[in-house]
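Below are two complexes that have chain A in common, paired first with chain B and then with chain C.
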Partner chain A sequence: MTKEGDRHKELAAMPGTAWVFRQALARTRSIALFFLFLTFLAMPVVLLIIGRQNYFDLTSYMPDSLYMDGEIYANPVLFPLHLITSLITVASVYLMSGAQFRYLFQMKTVDSEVSLPLRSGQQFLGRLLALMTSLALILTLNAAFTGLIFYQWDLFSHFLDYLRLYLSMAGAAFQLLAFSLVWYTLSGTLFDAILLNLGLQMAWFFSILNVLSMSGRLGSPPSSLLWLLTPAAGFITDFIWIRPLAQDLIPLVFWLVLSWFFFRRRPSERAGIRNGQLTWHRLLQPLFALFGGVSLGRFVYLLFDDLTPIFQSPAFYLGLLAGSLLGQFVSSVVSGKALRKSPWIHELLSSMAGLLLFGILAVLVHLCMTPPVNPW
Partner chain B sequence: MFKKNPSNDASRMSPLLVWKRPFALWLLPLIFLFLATTLPLLAERNFWAVSAIPLTTFISLVVSFILAHHFFSFLHSQEKSDFYFSLPASRTRMFLSLNLSALVHLLGPSLAMMAVNSLLASLFSKADASIPWFSLSQASIWMSYLGLLVRLLYFFFLLEICYLVTDKSVTANIMFILINLFWPLMLFLYSDAASQMLPGFINPITTAVEPTAWMVLVFQLFSPVLFTGGLNRFILLTGLMALAAGFLAYLLFRRRKAGYTPGLDSINWPFQMTQWMGVMSLTLLGGYTAHYLRILTSGSLAAPADVSPAPFLIGSGLGLLFSLWVFNLFAGKGKIVWRPLLITLAATALPFTLWLALVMTGAGGFSSKLPPEGQLKSATLHYEDIYVTTLAQYDRPYTLVLDQADDLALFARIVQKTVDPGNPGLGIPRTLSSAEQLREHIRLISSPPGYQDDYVYYYANDIQFSLETKSGQILDRSLLLPLTVHNPDYLQLIRQNRAFYLAELSSYGAYAKFGNDFSLIPTSKASSLERETWIDPLIKALQADDYLSDTVIRDMISRINLHLLDKGQGALEEMLEKAPLLIRVSLTIPRGMEADPGDYELLLPVLPQEIPSLENVVHYALGIYDNYLSDQEGKDSYYP
Partner chain C sequence: METQSNSMVNGEESVLSALELSKEFGTVKALDQVTCRISGSSIFGLIGSNGAGKSTFLRLAAGVYKPTAGQMLFKGKAVFENASAKQEILFVADQPYFPFETLEKMARLFRSLYLNWDQALYQELLRVFPLGEKNRLDRMSKGLQRQAAVLLAIAAGPKLLLMDEAFDGLDPVMRQNLKRVLARQVADQGMTVLIASQNLRELEDFCDHVGLLHQGGLLFVEELDKLRLSIVKIQAAFAQPVSQAQLAQLGLNILQYKERGSLVEILARGTEEEVKRLIWTLDPLLFDVLPLSLEEVFIYELSLRQYAVSELLA
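Showing the complex of A and B:
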C-alpha cells in the first residue's frame, strides 16, 4: 500500500500536460495581461469616456451602422470599437502563439525542451490549452466588463444585440489560432512561419476574390471558398456576413488536428532551416503562382485589353502566365530556396500547377455558382 | 619594373565578396519597376507620368530594407563579423566597397528603368494635353527622380546607422521604423497641443504656407520616409544631410567592435532614445484620443463653453501606461522588467508633467498679455488668406503695418476684445479645446445681435499679427479677432485706414466680415475699342451671373490691391486718373450701427494692361460668359 502510494506520488510529481500548461500559462502571462489591458482600452474604457448620454444620443437615431448594400451588425459606436478590438485580437493571436512555439525554431531550445520527460502530445496539448485559456480569458473578461457597463447604463439589450458579432469574432480568433499553429509546427524559422501564415491568407483571399469577380460570381455574401484558407478574413467580413457557428467550428477542429499531427512528426533538426529548403513547401507554392498569375493577368488585361471579355483576352492569359512564373520566383526567393541548386523544371512545374489550380477554380465557380441577381 | 606595395594588398577587399550577390537583388526590383512603370507606359496610359515616381519610390524603399539587411546584417553575427573584420582590408576600404555595392544595387535598377521609360516615352507616349498634370515633361520627371535619389541616399544611410548602433537586425529595423513614425508625431502633437491650450501661440508646423528649410531639416532628421517638402525641392539640403549621415555611418563603422553577441552585449541607448520618443508621443496621443472622443461624441459641432480636462488627463495616463508597458515587454522579451520601467517612467513623466503644468495653467498669461496702453509702436498683420485663384500666383507674404496712434489704439481694443478674461477659451485649466472655445466666443460676439444661437454667422480665419512696443519688445500671435462691421472699432478702423480696408476686402473671409455691393463704371478714358472688346462684355457677363460677378470682382480687387501695395502711396490717385473702368465698392451698414455709407465708398482702377494678371481675370470672366452664350442658339460670341 505504501509502495503503491509512493508510486502515485512519484507519478503525480512527474511533469505532464498540467505542468506544461502551467509553465506555458506563466510564459505568456505578461503578454496576455497586456492584451487584456489593450482590449479594455479599446472597448470598456472608451465607452466610459464617451459616457452614457453621448452613447445613447448617438445610437438612438441610428440603431445599426449602414454599409452600401445593407446593415452592419453593430451600432455606430460599437462598430469602430469592434474593429479595433478585432485588430488587437489578431495581434494577440500571433504574438501569444509565437511566444509559445518559438522554441521550435532554435536548436538549443528545441534540444532542452525535447529532453524533458514529456511526450510530444503533452507538450503540444499543454501549450495549446494555455493559449486557448489566455485568449478565452481576454475575450471573456473584455465582454464581461463591457456587458457590465451596459447593464449599469440600463442598456443591456444593446450588448445582447452586439454579442452575436462578438462571438463570431471570438470564433474567427480561435480558428486563426489553430491555423497559425499549423505553420508554426511546419516551419523552420519564426520569420518564415509568420510570413507564410500571412502570405497564404493574402494570396488565397485575393485570388478567390479575383476569380469570383472575373466570373461575375462575386455576390453578397461571397462564396464560402473565401474563408477556406483565410481565417483572418472572418474578422473583417463578419461585420456584414455573419457565418454559421459550424463554419468556424469545423475548420477549427481540422486545423487543430493537422497541427497536432505535424507537431508529433516534426524533427528537431528542422529548427533554423528556411522553409524554401523544406520539401513540403513546394506543395504550397502553386498558391503563390495562382496569386501572381491572377493579379498580373488582371492588371495586364486592364491596361491593354479591357474592352474584350476577360476570358477571351490574350493579354489576360499572357499576364496570367508571366504572373504565375513571377509568383513562383518571388515565393522561392522570399522563402530562402537555393535557386541555383533547384532544378528549373521544378519551378516551372510549380507555376503550371498554379495555372491548373486557376483553371479548376474558374471551371468550378462557373459550374457550381449562379451569377448574383443585380438588385437594380 | 614596378615594385609591388604590400600595403595595397592589405587594403584589398575581394571583389567576389562585394559584388557577387544573389541575382534576385537586381532581378526583382527590375521586374516590379517594369510592371509598375513600363507596362502602363506601353499601354499608353497617361497616368504613367504621375505614377512612375511614387511607385519607384515605394519599390526603392522596400529594396532599401532588403539591401541594408543583406549588406550589413553581418554586424549582428559574431561569426560573420569575425570573418569580415579579419579580412586583409582596412575598415575604410570595406565601408566604401560595401556601400558602393549596396548603392549600386539600390539605385541601379530604378536608374535603368527610368532610362528605358524615357526612351519609350519619347517614342510611344501620347500625352493628353487637355489634362496638364498627366502630361508632365521628361525634365520634370527626371528632376523628381534626382530628388528621390538624394532622399534615398539619406534614407539608406540612416538605416545603416541603425544597423551600426544596434546588436540585432530586428532591433535595427524596428528602431528605424519607430523613429520614422514617432519623431514627426511627437513634433506635431506637442506643437499642436501648445497652440490649442495657449490661444495665440503660433504653431510653426500648421501655419507655414509651405515647408521651410529648417522644417525639412528637423522633420527629416529622424524621419526621412516623410520626404518633407516634396521631391523637387530642398535637394541640396537633403544632399548635405545624406553626406553627413554617410560620414557618421563611416565613423560608426570604424569604431564598431567586432565582438558583439546579440542578447549578451546589449547596446541600450538607441532603444532608450526610441523608447523616449515613443512614450512621449503615445502619452499625448492618448490624451488627444480621449479628449476628442468625448468632444466628438457629444453631438455638437461647436466647442462647448465648459470642457472638462478629465478625459484628456485620463487618456494621457492610459497612454503613458500603455507605452511604458509595450516598450518594457519589448525590452524584456515578453516579461516585465521593473527597474528600467521605473527609470523610463521618471525620464518621460517628469518632462511631460512640467510641460502639461505649463500649458494647462496658461503659461503665465501668455495668451492675454498685451503691451500697456500707449506703449504700442506698430502692429504688423500677416494675411494668409489673401484672395488668390489659380489665375494668378502670389508668392510673397502679404503684410500690412499699422503705425498711426489712432489706428493702433483701435487695433489694440479689437485684440483686447478677444483676450478678454471673460472669454471661456482663456479659463484655467486649459484643454485641447481652449483655442476653439476662444474662437467660438469671438464668432458669437461677432454675429449680428439676435442672430440664431445655434448657428454662427461669423466664419473667418485666425490672423497672425506682431505687436511691437516702443521698448522694442515684439509679441507674435495668431488669433481670431472680431473683425466685423458689428464691431464699432473695426468699422472706425476701416473708415480711417483705407489700406487696411483694402487688405480686409482682399481676404477670403471678407464676405463674413461685411456686406458689399460692387459695380463697374466705365470712365471717359475708355476708348470705343476698349468698350467694345472687353468693358461692355465684362459688365454684361457680370450682370448675367451673381456668383461669377462676386468671384471675379473680388479677384480683381485682390489683384489691384496687391499692385497698389507694391507701388506705394500716391499710386491710387495716379491710376484712377487714367483707368478706363472703375470698380465702385459700397459697404452695407448693418442696422443699429451709426455710420455714413459714403465714408466707406471706394473707387478702384481696372487697368488690365498695367496690373499684373488682371488681364487673366478679365479673360476668364469673358471666356465663361462666351461659353454660356455659345450654349444658347442664335447668339453671337463676344469673346474673340
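Showing the complex of A and C:
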C-alpha cells in the first residue's frame, strides 16, 4: 500500500457527518421519545378515548362555523387536538434544537466538542439531520397512528381532509426549526438565543399586522409578509389560511443556508457573551424599535385621537416616536448591552432606523397592495 | 522567544509550532505574536499568572480558537478545522465536560471517534485510576472528573496531549500516578505533553521545557536541565570572613549573596564544577550544594530580563 493509499484509507475511516448524526440522535433519543409520547397522548390516544360513535356524533352535530367564520381545515373534534399537538410540536422544536446546539453557549462544552476530530460542517450537518429525523419521526408516527384509527373507523376521508392542515403544521415546524438554528448559531447564550427567537417573531408579526391593518390592507389571507420572520405563526394561522408548500419550503431552505453560513463562521469564544455585546445585534434592534413604535403609536392613537385618520394623527406619531425609543431601550437592556458604555447616538440612530423601517413598510404596503374587497 | 529559525527543534521536526501567533478578543489581546516550537516526545510546561494567555494558547493548539493572526501548526499543518490533526491532539480543559454520564459510555464514544484508541491501555489506566466505569461522572468530585478526562485522553493515543491546570484537584498520590503515566507515555509512545499551570512547583520535577507567558507574550522558553545547570546554589562557611567582592574577584558570577552568621549562601551562575573549583580556592570549612527550585531559577532568569517575578507568577 502506498503512502497516499494509506492516507485515503485513514481518511475514510475517520468519523464524519454520519458519526455526528448517530451521536446526536442518541443524545436526544429520550427527549424525542418523550415528545412522541405527548403527541400520541394529544391525538390518537384522545381519539381512542372519545371513540368512533362520539366522534361521529360530535362532528355531525357541531358545524365548523361554530368555531370560526369561513373555511376551517379541522373539524370540531380535531381542532382542539390539533391545537394541542401544535403546541407540543413547537415545544419539541425548541427543546430538541436547544439540546443539540446548547453546547455552543458554554466554554467548557465548546472546549470538549470543538476539539473533537470533526470539522464544523460535519458537526452542523450531523446535528441538523438528527434534529430533522427526530422531528419527522414524531410527526410521521403521530400521523400514521391517527390515520390508522380513522381507517379502522372507516372514516379515512376525515383524516385525508385534516392531513392538509397537519402537513402545513409540519411545514411550519421545520421552518421554525431552521429559523431557530440561525439564532442559536448567532447568539452567545441560550437565554439570548431563545429570547431573540421569540422576540423577533413577536415583534415582526405584530408590527406587520398593525401596518397592514392601519393601511386597510389586512386581507384574507393577509400578505405573506406576515410570515416572513414569523414561522411560529403558521401553527395558529394555518387553521384559517393554509399557505402553499413553497411558502414553507423557500424560507426553510433560506434559514438553513443562513444558519449553516453563520455556524461555519461562529467563533468559539462567543460562548457565554450576551447578544447585546455583539455587533450584529445592533442590526436587528430597529425591528424592536419598529415594534415599540407601532404598538405604542397605535395605542396612543386609539386612546386619544381615534376620529382622525391614523396617518394624519399627531397622537399616533408622538406614540410612534416614544415607542421606538422605548423598544430600542428595552431590547438593549434585555439583551445585556452595557448601556453606560454604548454611545447614546447609536441608540438614537437605531430607533430612527426603526421609524424608517416603519415608513418604508407603510409606503410599500400602500403602493404595492390594494385594499381588500369588502363583500358588503 | 524563538528557539530556531526553521520548523525543526534539535534536528527533528517540531510537533507544535506557533508562528507569530496572535489572538484577540475584541479589543483585548490575549496572545501577541507568540512564536515557539515544541519538539516531540517531550513535556512542555507553560506557566503564567491568571490572564497570561495560557488557556488561549492551549485552545489555539486544540483547534478550538481560530488565530487572529499568525499560525498554530501541528506537524506543519494548521490545527483549526483540521480533523486529521485533531485525531492526534487531545485537550483536557480546565473544567472537564462529559456528554455521556458514565466513563463506560464516554469510553465507547472515544473508541468510535479516535482511530488510535488503545483498549488495553484504557483497562490498565482504570487500575491506576480506580474510578468505576459505571459511576456517574457528573456526581464525581472535581479531582475524579479530572482523572476521568485524563484517562480517556491518554487512552485515545494522542501524539499531543494538552492539559490545562492538569493537577488541579488531584491528591498527592494521584498526582504522582498521573506524572508516572504521562512520563511513560512520553518515553514509550513518543507522546508530547503541553501542560499549562500557574503553579511552578507542580511542574518542576516533571517538565523538560518551560515557557513563561505574561500578558499575551512569551517571555521565555528554556530547557529545564539547561536552566538548572546554569545556576548553582551553595552554602559555605569560611575560617575568615569572605565578602561578596572577594568572591566576585575570584571570577564567581554571583546572583545572590546572603550571610547568616558564619554561613554564606550564594547563588551563582555557572556549572556546579566551576563554582566548586572557585570556592575551594578559599579553603572553606563547610561546602554544600543546595537543591535549587524552579522558582528560584525563574526569579533570577527573569530579573536578568528586568521583570519583577511577583508580577509574573501566582
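Simple rule for what comes next: the second predicted complex is superposed on the first by the 354 of 376 C-alpha atoms of A that agree within 3 Å, B and C clash if a C-alpha of one lies under 4 Å from a C-alpha of the other, contacts with A are read in each partner's own complex, and residues count from 1 in each chain.
Here, contacts are C-beta pairs under 8 Å (C-beta built on N, C-alpha and C of every residue); 3 or more make two chains touch, one makes a residue touch a chain.
Bear in mind that the values here come from a model prediction, so they are computed numbers and not experimental data.
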Exercise. Could you tell me whether chain B and chain C fit or clash when both sit on chain A in the superposition?
Key: fit
Quiz item: Should A:120 be classified as contacting the first partner (chain B), the second (chain C), both, or neither?
Solution: second
Quiz prompt | Superposed arrangement, angle subtended at the Cα centre of chain A by chain B and chain C, nearest 10 degrees | solution = 110
Practice problem: With the two complexes superposed on chain A, say which partner A:58 touches: chain B (first), chain C (second), both, or neither. | Solution: first
Quiz item: A:112 contacts which: chain B (first), chain C (second), both, neither?
Solution: second
Self-check item: Touched partner set for A:341, first chain B, second chain C, both or neither
Solution: neither
Quiz item: Between chain B (first) and chain C (second), which does A:41 come into contact with in this model arrangement: first, second, both, or neither?
Solution: first
Quiz item: Once both structures are aligned on chain A, how many angstrom separate the closest C-alpha atoms of chain B and chain C?
Solution: 7
Quiz item: So which bits of chain A does chain B touch that chain C touches too?
Solution: 27
Practice problem: Flag every residue of chain A that touches chain C in the complex, lowest number first. | Solution: 10-11, 13-16, 19, 23, 27, 103, 106-120, 122, 267-269
Quiz prompt | For the chain A and chain B complex, residues of the former touching the latter | solution = 27-28, 30-31, 34, 37-38, 41, 45-46, 49-51, 54-55, 57-58, 77, 99, 296, 299-300, 303-304, 326, 329-330, 333, 339
Quiz item: Can you name the residues of chain B that touch chain A in the complex?
Solution: 22, 24, 28, 31, 35, 39-40, 43, 45, 290, 293-294, 297-299, 311, 314-315, 318, 321-322, 325-326, 329, 332, 334-336
Self-check item: Contacting residues of chain C [partner chain A, same complex]
Solution: 25, 59, 62-66, 81, 83-84, 86-87, 89-91, 93-99, 109, 112-115
